[in-house]
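Consider the two complexes below, in which chain A is the common component and chain B and chain C are the respective partners.
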Partner chain A sequence: MSDIKNDAPPIRHLMMGNEAIARGALEAGLRVAAGYPGTPSSEIIETLAKQASKHNLYVEWSVNEKVAMEVAASASFANIRSMCVLKQPGLNVAADFLLHLSGSGTRGGMVIVSADDPGALSSINEGETRPYAKLMEVPLLEPGDFQEAKDMTKWAFELSEKIKNVVILRTVTRLSHASGDIVMGEIPEFTGKVEFRHEGFIIDPMEGAVMSAPVEYKHTLQQQKLAQTVDIFESSPFNIYNGPDKPELLIITSSICSLYCREAVSLLNLEKRVGILKMGTTFPLPPQFMKRHLSLTDRIIFIEEVLPFLEDEVKILCAEMVKDIGIKTFYGKRDKTIPMVGEMNADITLKALADLMGMTYQGAPEDYKKKAQELSFMKTPGREPTFCPGCPHRASFFSIHEALKLDNRHGFVCGDIGCYSMAVLPCGFQSIKTLHAMGSGTGIASGFGQLKRFGMDQPVLSVCGDSTFFHAAMPALANAVHHQSNIVMVILDNSGTAMTGFQPHPGLKTSAEGSDAIGIDIPSVCRAMGAHVTICDPFDLESTKETLLNMMDENKGVNVLVLKQACALSPEKKQKQKYDMTIDESLCQGESCGCGRICTRIFCCPGLIWDKDAGKSKINPVTCAGCGVCASVCPKGAILKKEV
Partner chain B sequence: MKTSSPGSLKTDIQDRDLCINCGACTELCPYFKSYKGKIAMIFNCTLGQGKCFAHCPKAEVDLDELSLFFHQKPYDGHPLGHFKSIHVSRAGETMARVLFQNGGTVSSLISCALNNGVIDHAILTDKNGILPEPRLVNTTEDTLHCATSKYLAAPTLGELNKAMQNKLSNIGLVGTPCQMIAAALTRMNPMNQDGFKDPVSLSIGLFCTWALDTRKFMTFISSKMEIRDIKRMDIPPPPAGIAVIEKDREIINIPLEDIRPLILEGCSVCPDMTAEFSDISVGTFEDNPEWNTLIIRTEKGEQLVEDACKKGYLTLSDLPEKSLDHLLSGAGMKKKKAILKAGTEGLMNTLDNSKPAVLRMPESLIKTITK
Partner chain C sequence: MNTLSLQHDPFNLIITGVGGQGNVLGSRLVGNMLSRKGFSITIGETFGASQRGGAVMSHMRISTHGNFSPQIPKGRAHMIVALEPVEAIRVLVDYGNPGVRAIVNTRPLHPAGVIAGNVSYPSIDELQKWTCELSAHAWFMDATFEAMKLGNPIFANIIMAGALAGTGTLPLQRKDFQTIINEQFSSEKADVNLKAFDIGYKRVEQEMG
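Our next item is the complex of A and B:
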């Protein structure tokens, strides 16, 4: 990660999009930032946390996104600038609060940075931020490159303060995680004393109570703020038209897609025939500005990712203005010129433009895709997604799977979000059978556990991580206990928010800024909620399995099994092997009857390799993490472990 | 005998409810395990042939081949199988008087064999709560601990596989007829393993008409009482017609009609009541349940019984003619029913490329037995 700290302007710096957003916030005089980790947003809070003491900020990883937004809002109510950072699914979590927040309005500038992951590169959804702006009636900004990521973030705070409402800034994976050149600005010093003013007239926006009631009054006010926003957007420098005066085709685009459009137009030499309207302020669209550009031509194509948001908004405007601008022909997602799902790229854009402009686009040769596929299939070893060497999840799911099979009543696991989501795949022995949102595994299990009365006699398990436990699983557990749902909840406690890079959570004794925090003991919480709790080391396969079997047997109420073992990549474990692993070839049975090479065919830790020629398994000393679990997996005792 | 894959054992035997949880496919590998009376396949195994399939007494058992191996004679369909002599017996004066199932013949013979170097270990069936639990023993004391019958099907053969893995030999084995078949199949070295050595020196089979499905029984009984309160369960010989459950201070009789639905499906196609593939078979002497009916089948068996009588482990007497007739008709009836059922269910002598047969025997014999 580059050093975003202090370099005085006009220094240029290569920066990741997320760092640019953080820098923009610093330059805006940000004081409080709160978020919950989630790819591709996590680096924003991480970057800010590192600057906290130097620039006098308060930065926290909150328990979940709703609380993060509430924490950030409090600072705004105290009239200082604040930011809430989340990935899009987190916006859903916070949506209830956001509805009320947008109704109550804000004081100090408050920006919500919401990161979308088109193509679900590291998500299990393609959730869209943009419709939320419309739903919540708040402004939406979409930076189109790295410099804009910084500048727009800074400007978003000013806008928020001007209209006294929260502003959403939407980023996407390819902007957040790619890097570009940034010209830096000054970071202001903070002076003064903060106070929450509440003794004025009850509906006074700066001194009264902060709330969304009286609804009719506040809602009207909110809409006036949007109207004010439209005025401001009319002259926004973030909406840029590039192209001829009378283009044959107008591209309307936003966000990172604007780069694909520039590339496509340039590659096809269409600069004189096609214009690009890059919108930075995508909700509410400024009608006068739009009208000027919509009047340029009659053919319009929309290049955007996931939902046809711009497309729909522009079409509404066009309908309203048809008398002035005439009838248009639209191309985009609705007419299937552009796909409705997945990421956009320059190639899709090129193809669409070429077709519309009557050109033949000689992109990749016809059989290129086939050839590439063939080559990658023939020349590279098959690699399924899998858990890291030494990952506690592999051991946990090995035991969970075995217990479910032994139990033999078609039991199953309800899962949620974490590295362990991968247990829907062979690396987790396909144990997870429902996979939804944070904490949903336990909520769904709580429901399944009630279906006994309708004759369902399958054991019901749920899994959730330690961070997820605090984030969203506690209410589900409370529900299950309260209603005596018959379930086993397995908490895969690997001591951190491992998937997104080890951010702390309320169960740990440190905060985002690295200072002391109070760690909340998960087993005690579960016990206090009324569950029967057992703690096991997942590396002890036998006792984990036995415990699970007994819990499934019990057949009443909620049993919680906490499987405690730090992530193989956790700072405390990294580079440290507990055991030196070797294989006694004379004992290894390999593929013959009696083993069928369970280690490299089923368990499949990347630390183990199958030597085809020798017909024996081997330890890969480079990848082996020395956890020792495979020694208990081998039925012949051929895998030996020696403490180091 | 035809040996198929672990996958076929799962889909064609276990999933068709033919498995009787004998345990012959367990303790061989990480894939088949017995838990609470039911065999589970933990992970799939991709081998084309497995010992699991080869050992299974419900998969491709060619009775002729088995008989030639065990008795050096073809299978002839006699209700009691091949045997040398039949008697009644009970524990002799050397034996402690503990609670035996009947006359204590089984425990006495095993004790005698252990104490006189005929065997070094015995694989018996103890219990843990109400669940039967296979156990490897070396002493009379432990043998007596395993006395009495457990009516839930036990995975006893897993203990034999385990013993073989641990390279134990000179083992005495006690089990039901299906377990004796599985043991004989195991001893045939069906996968032609190098350096194979028959680990079993003595096999004592128990008479059996059926055993109970553990899970069905547990569901049934848990609706009537707390399972952990059950001290013992017994099924007295006919004409009692009841199962007796002993709790701490209470004895509960349950009519056998209520119990019958809990019998393992696989038992209905078992043609063997008297454990025809063992050295010695022991059952209840129905005229006097304090005694056993004893069938001696092999020279080894003959030798042990003689020795046991001489050393005071066993007392022998003659089996009345009437009782023999009764035994013959009981065993013959079971055989006939099983073979008819296997025939109508398509589990007998199936064609080569269809699902595996449970049993194979010459067509002519089928006709004689089912007449």
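Our next item is the complex of A and C:
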């Protein structure tokens, strides 16, 4: 959408938050960027990868976030600017390295962009980045709008270089995936030769060894860097107060919530009564700046997402300054003025402000709302997420579900992160019964596989995707093989990191920049680890089911089943139907079919329609992807496929 | 330079549909057309895992002066473009008000629960009636059918963008659409897109008289 490739300033451009962050990094003279895909962060690396050859960058999709951070750090150690991009759960993956990195310090400016997903719009958690800044003792920046997303990213590199430590920039879905106006700056040219200097005195920050030891010395140095950061933050242009000199109420906010606050204050006409303190530098908070604004009023409300991070930090400062600024009344998450879970929006802010200011607010008139509610109760059907038409996961889980039923020993599947996580829902026949982090399905299965000695006789299956396999499931598989756990690991190989938009992974022969890469063969890796490996096409329902039944029956050691079939949305498949699907209405018996209408009631592909009035199933020509699988689901042979 | 003006400032537009219908692309196209005219545009989008057959909404704030929150406050939409008729109702319930207008593609996309037979899908007559009850004015068209005549149901989003332009509510001109489409597509693809835009534009224009 954007013109990130257009170098000419200062025209205003409509740009996604993630594109603005990428642009800011380019304007800062970024050289190396590494990350692992995860909504809502993925477009940052994608945008940079497209610019790699033009602006002389190295950009990679790393195997996981810890390695991504290590790759980015190496560039910083060689005194060039680098960025690591991840979604918040990835920060957990990289946290071990981050602890040591923040202790060792950095050389060239290094920024970690961590994207949170408040409200879990595209996640199964709403993990928070901000407490990590405190835990790791590094500076934290939170852009409040689109222009700041660019400007703050650029400035973060300067800050990092000044204090010689890594800086965390936290974004959220509603900033990363929203678009707004950006005025761009210049992108500098790169000149010079890169060298890692290591022959100086061992603790020299620019020429010694890079490490977090000796700990007492380095930890002290790290805290001095934070003190230096506080001084810089005291006069930061990213902390902005808007409001009267003596507000009745002070809103303290950060990130995209600042736009909700601005809108709520304006809709309630409270500009002359309520002030908004928008903080961009949220850890460590600058105490003198805070003191000046905390002195303006006695009533303070915090509007932030997800944890009460600013709230707690400000309360600590208020306790320390109480003699100077007096006693305050606080409203926020701790007193439940604002919900403790979920994302914020203008409506929650409007309600909280109206209540505190003794006002009433309504969006639409009451009689309209009443009418609307009545109509919505008149059964406008909900739309739960499901696998796409032609998705290999629907076929895979259909076979897994069938095999578990036939086996009849209450077997179950330990799930993992990917589109296939949705197999906890009816679209995956509710096959998945545990669902946690990347690679956790196989780790948990490895443990379940040991419980036979305590009398557990249920078959244990795990599922993981091809990208997830490399990211975190390989150690779990090694563990299961080594300890002879009795499990069946099903690798759902759909040829890419599909959920986040087909980013390459180490199993593929291409890199983020589109150049050649060495593809690592998943079955060979599993065999080398000592697992028994079989490869099936999940669209062949019968042989997939048979293989699974045999594997569960064997119940000895680790069996790996690789189900290989590309994602229906993959560039190689999109818009290309393999089969023309039709239904022979003379054969379709609808509800009276002995199968219990398995095609639509159970298999339930969105490429099918259940025509209740006609009592027949139909193909939806708009959505059918032509994978042909439903033809093998129908026991009457009423669904016909013809090769296109 | 022309003075920018809007019926409401910010003008709150919602483009809604189901994952895969191309409404994110549609909203970016409309946003870019207006951005180039000098308006400040903020677009909030919900996509990711939720796009797999789920409802997808784009909230657009069009203003003469700066960015607004990427989520429109409840009950404050001025115009709703729905690529799917049940999604029109869902959005009206949350964001509608007596003054809102709606352009609705009448082609249903059945949710999984309907395909499974657990819940029923309202008739098109019912959906149209409810849409009219909840809006000041509504336009209906089978944009998917028109798009399939052009060779691909995906053009429904461009037909709906053309329809939005045809209402004259926002300063969306054919030549601006043509400029952007020519930048992004080969001439062959640009031609089909322009045809799609014109189909929507004319349908609404005719009705407006």
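As a working rule, the second predicted complex is superposed on the first by the 623 of 644 C-alpha atoms of A that agree within 3 Å, B and C clash if a C-alpha of one lies under 4 Å from a C-alpha of the other, contacts with A are read in each partner's own complex, and residues count from 1 in each chain.
As a convention for this text, a contact is a pair of C-beta atoms (placed from the backbone, for glycine too) under 8 Å apart; a residue touches a chain by one contact, two chains touch by 3 or more.
These numbers were taken from a predicted model, which means no experiment stands behind them.
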Practice task
In the overlay, answer first, second, both or neither for which of chain B and chain C A:Pro426 touches.
Solution key: second
Exercise for the section: Considering only the touch criterion stated at the top, classify A:Glu263 as touching first (chain B), second (chain C), both, or neither. Expected result: second
Completion exercise
Across chain A, the partner (chain B or chain C) reaching more residues is C
Exercise for the section: Look at A:Ala517 in the shared chain and tell me whether it touches chain B only, chain C only, both, or neither; answer first, second, both or neither. Expected result: neither
Practice task
Using the touch definition from the top, say if A:Cys595 reaches chain B (first), chain C (second), both or neither.
Solution key: first
Exercise for the section: Using the superposition on chain A described above, determine whether A:Leu406 touches chain B (first), chain C (second), both, or neither. Expected result: first
Exercise for the section: Give one of first, second, both or neither to describe whether A:Pro635 is in contact with chain B, with chain C, with both, or with none. Expected result: first
Exercise for the section: Tell me which partner A:Leu350 touches in the superposition: chain B (first), chain C (second), both or neither. Expected result: second
Fill in the blank from the handout: Both partners, chain B and chain C, contact chain A at residues 601-602
Problem - chain B residues touching chain A - in the complex, by the definition given at the top - result: 28-31, 33, 35-36, 38, 40-43, 45-47, 49-51, 191
Handout entry: chain A contact footprint on chain C (complex, rising order)
Key = 18, 20, 28, 31-32, 35, 40-50, 52-55, 66-76, 86-87, 89-90, 92-94, 96-98, 107, 109-117, 119-122, 126, 130, 133-134, 144, 148, 152-153
Handout entry: Complex interface listing, chain A residues touching chain C
Key = 1, 12-14, 39-40, 121-123, 145-146, 173-175, 177-181, 256, 259-260, 262-263, 267, 345-347, 350, 362-365, 368-369, 371-373, 375-376, 378-388, 419, 421-422, 426-427, 499, 575, 597, 600-602, 604-606, 608-610, 612, 620-623
Fill in the blank from the handout: Counting only contacts in the complex, chain A reaches chain B at residues 401-402, 405-408, 429, 549, 591, 593-596, 598, 601-602, 633, 635
